[in-house]
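For clarity, chains are labelled A, B, C, D and E in written order, and residue numbers in each chain start from 1.
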Amino acid sequence: MTPILNVNGIEVIYNHVILVLKGVSLQVPEGAIVALLGGNGAGKTTTLRAVSNLLKGERGEVTKGSIELRGERIENLTPADLVQRGVVQVMEGRHCFAHLTIEENLLTGAYTRSSKGEIAANLEKVYAYFPRLKQRRESQAAYTSGGEQQMCAIGRALMASPSLVLLDEPSMGLAPQIVEEVFEIVKDLNTREKVTFLLAEQNTNMALKYAGYGYIMESGRIVMDGPASELATNEDVKEFYLGVGGGQRKSFREVKSYKRRKRWLA
Amino acid sequence: MLYRENGQFKTSYRADQQIFPILQDRWGMLALLLFAYLAVPALASPYMFPAVLIPFLIMALAALGVNILVGYCGQISLGSGAFMAVGAYGAYNFFVRVPDMPLIPAILLGGVCAMAFGILFGLPSLRVKGLYLAVATLAAQFFADWMFLRIKWFTNDSPSGSVSVNNLQVFGFPLDSDAAKYWFCLSFLVVTALLAKNLVRSAIGREWMAIRDMDVAAAVIGIRPMYAKLTAFAVSSFIVGMAGALWAFIYLGAWEPAAFSVEQSFRLLFMVIIGGLGSITGGFFGAAFIVVLPIFLANYLPAAASLVGMSIGTAGIEHAQLMIFGALIVWFLVVEPHGLARLWATGKQKLRLWPFPH
Amino acid sequence: QAKEQFFPLLSYRTGPYAPNGTPWANGKQDYLKMINARDGGINGVKLTFEECETGYATDKGVECYERLKTRPGVTLFDPQATGITFALTEKVANDKIPLITLGYGLSVAQDGTAFKWNFPIMGSYWTGADIILQHLAKTNGGWDKLKGKKIALVYHDSPFGKEPIPLLQERARMHGFNLELIPVTAPGVEQKSAWLQVRQQRPDYVLLWGWGVMNSTALKEAQATGYPREKMYGVWWSGAEPDVKDVGDGAKGYNALALNTSGQQPKVIQDILKHVHDKGQGTGPRDEVGSVLYTRGVIIQMLGVEAVRRAQERFGKGKVMTPDQVRWGLENLALDQKKLDAMGFGGVLRPISTSCTDHMGSTWARIHTWDGKQWKFSSDWYQADEQIIKPMVKAGADKYLADKKLERRPVSDCQS
Amino acid sequence: MGFFLETLLGGLMAGMLYSLVALGFVLIFKASGVFNFAQGAMVLFAALAMARFAEWIPAWTGIQSPVFANVAAFVIAGAIMFAVAWVIEYLVLRHLVNQEGATLLMATLGITYFLEGLGQTLFGNSIYKIDIGMPKDPVIAFDKVFEGGILVNKEDLIAALISAALVLLLSLFFQKTSTGRALRAVADDHQAAQSIGIPLARIWVIVWCVAGVVALVAGMIWGSKLGVQFSLATVALRALPVVILGGLTSVPGAIIGGLIIGVGEKLSEVYIGPLVGGGIEIWFAYVLALGFLLIRPQGLFGEKIIDRV
Amino acid sequence: MKIVDDPGVVAASPATGRKLGEVILDVRNISLAFGGVKALTDISFDVREHEVRAIIGPNGAGKSSMLNCINGVYQPQQGSITFRGKTFHHMKSRQVAEMGIARTFQNLALFKGMSVLDNIMTGRNLRIRSNLLLQALRIGPAEREEMRHREAVERIIDFLEIQAYRKTPVGQLPYGLQKRVDLGRALAMEPQVLLLDEPMAGMNLEEKQDMCRFILDVNDEFGTTVVLIEHDMGVVMDISDRVVVLDYGKKIGDGAPDEVRSNPDVIKAYLGTTH
């Protein structure tokens, strides 16, 4: 089966000089949840931006490689075209429309949808997923808490009835039980509505629990990939990403070693 | 591989804090200064001095001032023309009313007048922000236009409102040759640029930038928005005021308020944005661009047009100039929204990586 | 080196003043072309020129001046703007190039012993204002009839607009009329409040000191506020076709000073049509030739050319004159009626003669009135009253010299 | 008293005319976060197009009806403004997605120069006439009540009505339609708007096109009042205090701001002006606006400026 | 373990048994509302010197608002804040900074256009003594002062291991590093109390470990008191001495981590059942 998304050896350069991605390839099969893991600055966000064509606003560009959606080259489509094709990105750092209320934010998310019934149903669905948003629906987004904004951003993306969602750090800033809920929602959408997810996450634990397949990035390259269950049992991953290397989980208080970061590639 | 800091290790923070940490840059700067002081006067034609070089120097000075306010402190100002006017008329009044007033103190005092005016019109910035402030600064512009037209005292009761100065001297040397005027303006510019550079890389400069980038956070780390904004207005309008005085005294000789119209304010804003907000070098690029381009076009457009077999009148040239000018501005912004200075920096960075592309 | 007398032409064909600046500039160019075509230059010296666009802006004017002043054979400058005149006044004294400012510029520059290089030939704002007042006195039946009357000056808020004020104030003091000053912010597109004030004060007369777009706007606002156009008098810069044409009927009855005729009848205009336009070398459209400002441009250029011719008489025929020699020519113009007729300027302007002390000659002007289609003369010639103006000029010049710590030209300088 | 009312009325109408120009600023700012300095140039450009085509069409077609000429010229000028909007989007805006306000402002200044040059190259730089049959002569009302009566300008009155209608229409558009909401979203965050599928290109063409038509109406009315020539672009400077007083993001604000500024500047010029030598209205308008801003930094009806940490 | 309330008596950490100092910051009955939204209702808690005090609670509970009240970004309608014995009803940002309270922000509030170095240097601005003129001339004392602060900042940069990015504009850094710079800026103020708003959001485990280490080092070595908002329960449980729990603007729990973790209200409102 051809993957829904096929990223083939892309290079990304910011500002004409800063080379950030150095040949990244990954595949996302239809109906899968794929996790993209890696430390700060590894290039996860950049990869997602490249897929959703949001690089331009950051003065970045894809200089090599190709990106295919269901076999179609998409590097030259606008982000709006991509949303039309069902690809929606939830941007890192929330990016709610500050002056719009939460509800207006959500409704704008349905810009590409024309059926009134569908929009209303989607809205109800989002409110059901995030009851907190319903309470705050009349507030301007700028005046809601960080976590509320994060929910709003995720909810907004769902309003577009997407078939492929690029989630950039969805768990960031969310309270533990909400994190869990978000992942449950992901799973729910995935199993019930066959929505495919590409998930950039720092919360490796959660990500590997819910994802079927994972890629690990380091300084702009994919350094390891495999089914999530395999990754979760890999010793290195366990030690550096899950914190359970060499037996049981270490207390944050005990970790004192300096510069232990493992590099798969120089 | 020539342009590299390879092997140039900084052994102290002082060395690292230099204005030009890279050796090649230091030599380049020295060469540039020598060139500006010695070679340019020898090479320039009599037309170049008054028409290109002197306006360039003065405008670069003004752009420097505007950049402190707009580029470093983030307070967009459309009233720079007014600060120039206050500087010019302030200096003029000191110059003609105080017996035997020497030129340099008169210009500095003009700057002080502009500074006071700048602080006054900077006060709203404590409450009004962004584009609202930008538009509100036009109040300063139109007020100054009016003030110097209407209040006779400022123009020494000249019936037409136009004033002039002559017999300029510095330490007994008459400023009558073009080269002398050039050196005079150049020295003003070099000294001010150095001081301004020091300011922006010191604590106060960081305060300005902090206010520009995120004022609430700046307040939380103990920066007083009022102090930061008003000092930016003060320093900026002082420099712009001096530039205004030079523009009036050295370049125009005789002037009326229209010489510092809102058009001038826009041009100054252009310079800093085209040159690069928050960059001292940017002001120079911007000033060069804005001063030289129209003159260049006026001089060479007809020739260029006749090459392709067209003849255009002065009106056509003027319109073509407007169009080219507008198009170039847009083009530069599209290529590099952060201005010529950033383009320059990117160029240098590429040079450092050379011969590798990244 | 070719024998070429170079005329730098500072003009503005763009910006708010373009509609008025353009015919003026066209007239200047066409006259030069005509002299070359008809006479082969001045005694064999070909006339060349280059235009430089100032946009009426002082700094651009200065740049143009600097660019063109070093050209070989440079003759004189006509900056076409009062602001630029102010800025150039000092520079020309250094560079020793004459500055001719017909009907504009510094009124005090009439005093040739103080302003060696400035030539407000044929008129200044003071003489212009004086003539309008003379006309008002005459139509009212004497100066004493002006007593208690209210005269408003609606003026361009710039040195240009402010120049006539001292004279008007002087006259107001002498004859007991009230002078109201109503400034209009440049360029003068928004005049509603000025005309509200006019309506409030109901002056007996409105003097209009405008330029460019300000003139037509003033007329439209006058119409909109119902101020009778018959009671409006413009200076000679407010009385040309572009000022009234698009107001049409609304400007009917409006009066303005006329320094010169308009129309294509004068011989010199015919010559231009024949030698320039008929050969397809006209600068502007043909039907603009002979319009008020066009003709004024022609006159200005004629004065420049005649100054060169006069200088050649003294310094050598067929030679290229230096600016200093041209200055001498300008100081010794003697264009009597016979000469004017011969040149084809008969009826276009009055005879004119200048001297070292008097850089203006005399001011003769008429009033013309717009009848909805064209300008028609509605008065006879007036001459400005030098009795009043001369002392003011002298006092002004003295103040200028004192401010600048300058000396008057020695008498000997005039002998040369 | 009569004169006071007359000044007041004059101010109100002048204010409405400013609103018309201010509206263009507000539209674009509200819908894309761009402070469009080129609005003045667009007014000039549109007016030039309209004036010249109204002149050329009878000459080309031989149909002498002024109504036909004006309508046709209006349509053509409208089409030209659409083309302008499209070109601006294609060549400028789309390359400046997600850039800072200052950069965008600067770009519009570049556009200003370009349009001024292009407009005058294509259409000439003399004074042209737009004659849409506006009545020019004044009527005197209430001459029984007040000495001298109150002078009412019919032309101004009609113009004021047109701008009021336009404002009403546009307010409804912003408040009631989902496109209106999308526009506000774009103004908040270009990138986020893109990420949820709002086609920036199309939105921008629409908005600039609407602003172009507003500029055309403004140009038509101002041009019919003042004649069409270069200085028409400077009415933008008179409209700026209106924009900030009413609030950059509020369509009704443009009207209210216009009225306040119009009345304020006329009254000040007529009653305070003579005391200080006159010519104060332009800076007075700005100072008045500034005064209001000190109380409400976002203008009377503008959206609150958000700064949160 | 009982917490001794008398400020004169030194207490011990209920979590680790570490010695804690006197009450340094005491928040009393703070209420804050925005229009109809009650962000905080009658909140009181104290912070002891040398302590790591965590604030947890679901999203929108009012944690960030609490910090905003402490450093004067918000003015609470009711209540008072006592710092080192001085009681305030309204805090002023500048004053707070001068008294030695520094903070980091949840939604990165870095100075985007400035380099990492300059960002951290701004943290030292309060200590700059030389005036404008001296700075312009950059002679003698001004230069020496600048160097002194530069050295202090370099120590922080070393400490946070961001040497490589010294001259990079922070806007170009990945999120996680920006968080570190934010911390660096706060540290540069050499505060007595450090308020951290979700410093570890958006980090992976390894980076969180680093961050914990930074926080604990600061806490140990300089004795800096830390108030920490964090959603990662592992972190909170491991490094904090006492925990306050907020929910809907109300305080629903306060005490040792273990104690809080087993509080049924807290489990219901925040932790969810799986923890």
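What we mean here is this: contacts are C-beta pairs under 8 Å (C-beta built on N, C-alpha and C of every residue); 3 or more make two chains touch, one makes a residue touch a chain.
This structure is a prediction, so every number in the text was calculated from the model and none was measured.
Could you name all chains that are in contact with chain A and with chain C at the same time?
B, D
Which chain has its C-alpha centre farthest away from the C-alpha centre of chain E?
So the farthest one, by centre of C-alpha atoms, is C.
Taking each chain's centre as the mean of its C-alpha atoms, which one lies nearest the mean of all protein C-alpha atoms here?
Chain closest to the assembly's C-alpha mean: B.
Using mean C-alpha positions as chain centres, tell me how far chain C is from chain D in Å, no decimals.
Here the centre of chain D sits 37 Å away from the centre of chain C.
How many Å are there between the centre of chain C and the centre of chain E, using C-alpha atoms for each centre?
75
Taking the mean of the CA coordinates per chain, how far is chain B from chain D in Å?
Spacing between the chain centres: roughly 32 Å.
Between chain A and chain B, what distance separates the C-alpha centroids? Give it in angstrom.
46
Which chain C residues reach two or more other chains?
Where chain C meets two or more other chains at a single residue, that happens at 13-14, 18, 22, 157, 183, 185.
Among the residues of chain A, which ones contact at least 2 other chains?
Touching at least two other chains: 18, 143.
Can you tell me which residues of chain B touch two or more of the remaining chains?
Each of 145, 149-150, 214, 216-217, 220, 315, 318-319, 322, 337 in chain B touches at least two other chains.
Give every residue of chain C touching chain B within the complex, in rising order.
By the definition above, chain C touches chain B via 11, 13-14, 18, 22, 25, 51-53, 55, 57-59, 62-63, 66-67, 70, 82-83, 86-91, 94, 106, 157-159, 162-163, 165-166, 183, 185-186, 283, 396, 403-406.
Mind listing the chain B positions that touch chain D in their complex?
Residues of chain B touching chain D: 70, 76, 124, 127-132, 134-136, 138-139, 142-143, 145-146, 149-151, 214-217, 220, 262, 266, 269-270, 273-274, 277, 315-316, 318-330, 333-334, 337-338.
Spell out the part of chain A that touches chain E in their complex, as residue ranges.
14, 18, 37-42, 45, 92-94, 132, 136, 139, 143-148, 150-151, 169, 172-180, 202-205, 240-243, 249-253, 255-256, 259, 261
Which stretch or stretches of chain A touch chain D in the complex?
That would be residues 52, 54, 56-58, 78-80, 82-84, 88-91, 95-100, 104-105, 107-109, 111-112, 140, 142-143, 156-157, 159-160 of chain A.
Within the complex, which stretch of chain B touches chain A?
Touch list, chain B to chain A: 337, 346, 349-350, 353, 358.
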